[in-house]
Structure formats: C-alpha cells, structure tokens
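What follows is a pair of complexes built around subunit A, which joins subunit B in one and subunit C in the other.
Let's look at the complex of A and B:
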C-alpha cells in the first residue's frame, strides 16, 4: 500500500479537479492520497466527486486558516 | 458507484476565449468523471489542427489561403479587444500570473483525461482538410446523426 500527496492549494478550477483525478488514477487498491486544498469549491467538491467515483474519504481536517487536508483511499 | 454522466460540446468558435471555455468545461467535466465529447466544426477546427501555426494546408488554392489566414491553435484571436493578435499572449501571461490554467494546459489536460474529440465531416470537407491534418487524438470524423447518437442522454452545449 502506498501513500501519495497532492497540494492543490495554489491551483484554480478546473486544474484542482484535473490534478486530483490524474493522481487518483495512479492509486492501487488500498493506496491513500492526501490532498491539501482550500475552502470553497475544492473542499466542497473534491471529496464529493471522489466518493462518486467509488473512493473513500477517510479524513477531512482543517490544517490552518482556509487550508484543509483530505485523505482519500481507493 | 454512480452512473457516468455525459457532456457533449459543439465547438464552432475559433476564438481564444471561447476555446478556453470549451477546454475548461471539457477537462473539468472529465476530471469529475463525466464522459466528454467535443464535436469541432468550422472555426473550431483551428483548435485541433496538427499544425498549431499558420500553414497552407488543405486541398485547393482557396482552402489553402483560408487555412493559412485562419491558422492553428497558436493563432486563435480574442473575441473582443484582440489588438491585432497581441491580446491572447497578454491574456496567457495574465492567466499564468494568477495561477489559472492556460489554453495549452487545459488542452493537454483534456487529452490526458481522454476527452473524445470528433471532427465535423462537412466542415472538414469545406475547408479542404483531411483527418490527417488534425491531431492524432481525434477519435473520428462524423456527421450530425452520429453526434446526436453520441450525445443522447447527456447535456449538450454549443460554443
């Protein structure tokens, strides 16, 4: 099992979703992806769309103001 | 897992800003697991020509002059305030400085996410072009009936 990281705090729509999707495609069963993202569109939709695609959102934590950590498992 | 949604875009415009809208929607939708089809017709064909600059491609003198004047993806004009072709470059710099994806990045993202590119058979014929004049990622050359069949059951946009 591997753990991947992705920081999309500096990206804007649609690259926030594009980078997440391309990284999620690398995951094998049991692997996790830790994403750093901002409040708003990315926080509202990255976990939701990952769930829709069959991934499990393991954790969502506020790291600092406006920045969240979301952990997704395949 | 939810059933796969579908977005089909008819890209008729060859304007820089509208191409940005097309590839933003396409890559964004593909990134959230939509099946995405883009049907390029008329000026929209300029965005997917193999030659990204000005080139005398096509059959017949008139078609060759047309294709040279229209150019490829690097020659798309802004629909407003084009300033003789200077604005797309300025807009790209502005987008980079604001951490917003450029047309080139959105285009590459659409390819990486396997957006389906289709060429309008009729427009291709009018401009004297062939499938080989377009990027290899073009899946097929087709007409209205096939496009309607492909887009059935999803959302369709005309840009």
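Let's look at the complex of A and C:
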C-alpha cells in the first residue's frame, strides 16, 4: 500500500479538486493520499467531493493555523 | 504522457467529472476523429471537439466559404469568404486549442478515397448535406467496422443517430436506398434555420466524445429527431433490419460506390 502527498494550499477552487482528482486517479485500492489544504472552502469541498466520487476520508487534522491535513483512502 | 500544467487548467472542468478525469482526458488527447463536411454541422462539431482536446481532427470538404454560409456555419467568419473551408476551420481549431493536430482534406469524399480516409480515425462524424455522401459514409463505415455519427438537417427539423457497425442499426437499415432524385429538395429551395445545425452538431460531438471515453449511453439503435419550430425532441427506437442491404443477413452491398445520380443535389449545382 502506498501513501501519496499533495499540497494544494496555494490553489483555489476548482483547481484544488482538479489536482486532488488527478492524484486520486493514481491510487490503488487501499492506498492513501495526504492532502494539505487551507481551512474554509477547500476544507469544506475537497473531502466532500472525494466522498461523492467513492473515496473515504480517514483523517482530518488541523496542522497549523489555517492549514488542515486530510487523508483520503481509496 | 502526463498532462502539463496548462492542460490541467484547460481541461479542469473535464478532469473534475467522474466520467472523464485525467485518464479520460488523456484518452481524448490520444483520439482521432474525422469530420466529413465543414459546413453547418461540421462547424459546431469541429469547434467542440477542438475545445474538448481531441488530439487529432481530420476535416474533409472541397468547398470554399461563401457569404450565404455564414448564417449557420459558425466556424467561418466574414473575412474567410473565398477561403477553402478546411483551411478556415483549421485556423479556428488551432486558435481554440493548439493541442489539436489538424489534418485537412480539401476534397469531396468518394468511393475512391473514403476507405483510406476513415481507416486513420477512431470515429467518424457525418456533417454532410447530401444523400450521396450520407449513403457513402454509412457504407464505408459499416464495411470498415468504423463507428460514426449520422446527422441531417432541413428547414426546422434535424435528426441524428450513432452507428456501431455490426452492433446497432445503420442508416441503410432505416433507409435501404436513397430517395428518388425528384423527391430531394435542393438546399436553395429548402432553407434551414441557422441555429439548427448548432443543436444537431453539438449532439454529434457529444456522441463522439462519449464513444471515445467509453461512457454513457450512445444514441445507437435510436434515432433522435428535433423539431425546432415545435421545440420537440423525439427518440425513436429502431431495430436492425435483417434485410438491410449492407449489414443485414444477406448483404448485397459489399463495396463502396458513388450514388452518381445524387451527386448533383447540392454542391455541384454551384457555378
């Protein structure tokens, strides 16, 4: 099982999800993707859209002010 | 080959879609579509396929842009009058999307060239305006096993069907032979509302994209008709015809031929 990383803290909607989506496509069953994103719109939307497309959000943690870590598993 | 940053941005609204994604977009970029006819139907077909990032677009038409084309052939602009349609179309395709390789064929398709032409493409779109070409394209695609989209427009009414040779209804299953010569109105007599090819051509482009992605339900075995005056769409299921002269049980057409009787209908009447 592999773990991937992605930093979308500098991106804005919809590129936040576009980049997430491209990474998620590389995942095999059981792989995880750790995403760094800003609190607010990306935190509200990226995990929700990933869930809608069949992925599982396994962790959401505040890592520093205004930045969250979200772990998504296929 | 990975998508570049600018491709990721250009195709972002495709990539977001579950049915497309980066992999689907890559498929489109690796696809080849031939558009026969750079007129009313060919215009939206070429514009949307270019925007969608179809990697190679072939476009065949022998005609040049005429002032009377501009009411509906939205790929051609006023300064293009007199220019070969395939060149005018190529310029717009490349202006929209430099990712697209354009191959131009400034010629009419005929029995002599069509098999070689379609063999280089994954999908063919019929954007022609005459029965001779429509029957020729159907026959060639059925014989070559090449999937294609048929489209036709007249006045306020349009129709389209997607043909998957050997699997779904072909044009000759529905119309075994061309209509008698006198029954066919000429372009100048019949007229066409300018937005009509925009609707039908956009549907044909959608079918090409869905076929290339392998997603959704194609308009195969179903003819969609559109009446712009009544603003009604109808979707009629049409089964394969066992007596179809080309894809039936005992086919009588085994090679392409030009319907010479019909060739005069539209374009050859021009001076």
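By definition in this document, the second predicted complex is superposed on the first by the 74 of 74 C-alpha atoms of A that agree within 3 Å, B and C clash if a C-alpha of one lies under 4 Å from a C-alpha of the other, contacts with A are read in each partner's own complex, and residues count from 1 in each chain.
The criterion applied here is as follows: a contact is a pair of C-beta atoms (placed from the backbone, for glycine too) under 8 Å apart; a residue touches a chain by one contact, two chains touch by 3 or more.
Because the structure is a prediction, the values reported are computed rather than measured.
Asker: Once the structures are superposed on A, label A:21 by its partner contacts, choosing first (subunit B), second (subunit C), both or neither.
Answerer: both
Asker: Per the contact definition in the header, classify A:2: touching subunit B only (first), subunit C only (second), both, or neither.
Answerer: Neither partner.
Asker: For A:11 in the superposed arrangement: first (subunit B), second (subunit C), both or neither?
Answerer: After superposition on chain A, A:11 lies in contact with subunit B alone.
Asker: Given the touch rule stated above, what does A:66 touch, subunit B (first), subunit C (second), both, or neither?
Answerer: In the superposed model, A:66 contacts neither subunit B nor subunit C.
Asker: Return first, second, both or neither, reflecting whether A:53 touches subunit B, subunit C, both chains, or no partner chain.
Answerer: both
Asker: Touching A:45, do we find subunit B (first), subunit C (second), both, or neither?
Answerer: In the superposed model, A:45 contacts subunit B only, not subunit C.
Asker: In the superposed model, which partner reaches more residues of subunit A, subunit B or subunit C?
Answerer: The larger set of subunit A residues in touch belongs to B.
Asker: Would you please give the residues of subunit A that touch subunit B in one complex and also touch subunit C in the other complex?
Answerer: On subunit A, the overlap between the subunit B and subunit C contacts is residues 14-15, 17-18, 21-22, 49, 53.
Asker: Quick check: in the complex, which residue numbers of subunit A touch subunit C?
Answerer: Residue list for subunit A touching subunit C: 14-15, 17-19, 21-22, 25, 49, 53.
Asker: Show which residues of subunit C lie in contact with subunit A when the two form their complex.
Answerer: These residues of subunit C touch subunit A: 3, 8-9, 12-13, 15-16, 18, 21-23.
Asker: Quick one: which bits of subunit B touch subunit A in the complex? Just the residue numbers, please.
Answerer: Result: residues 1-2, 24-25, 27-28, 30-33, 98-101, 105-106, 109, 112-113 of subunit B touch subunit A.
Asker: Please output the residues of subunit A touching subunit B within their complex, sorted ascending.
Answerer: 10-15, 17-18, 20-22, 45, 49, 52-54
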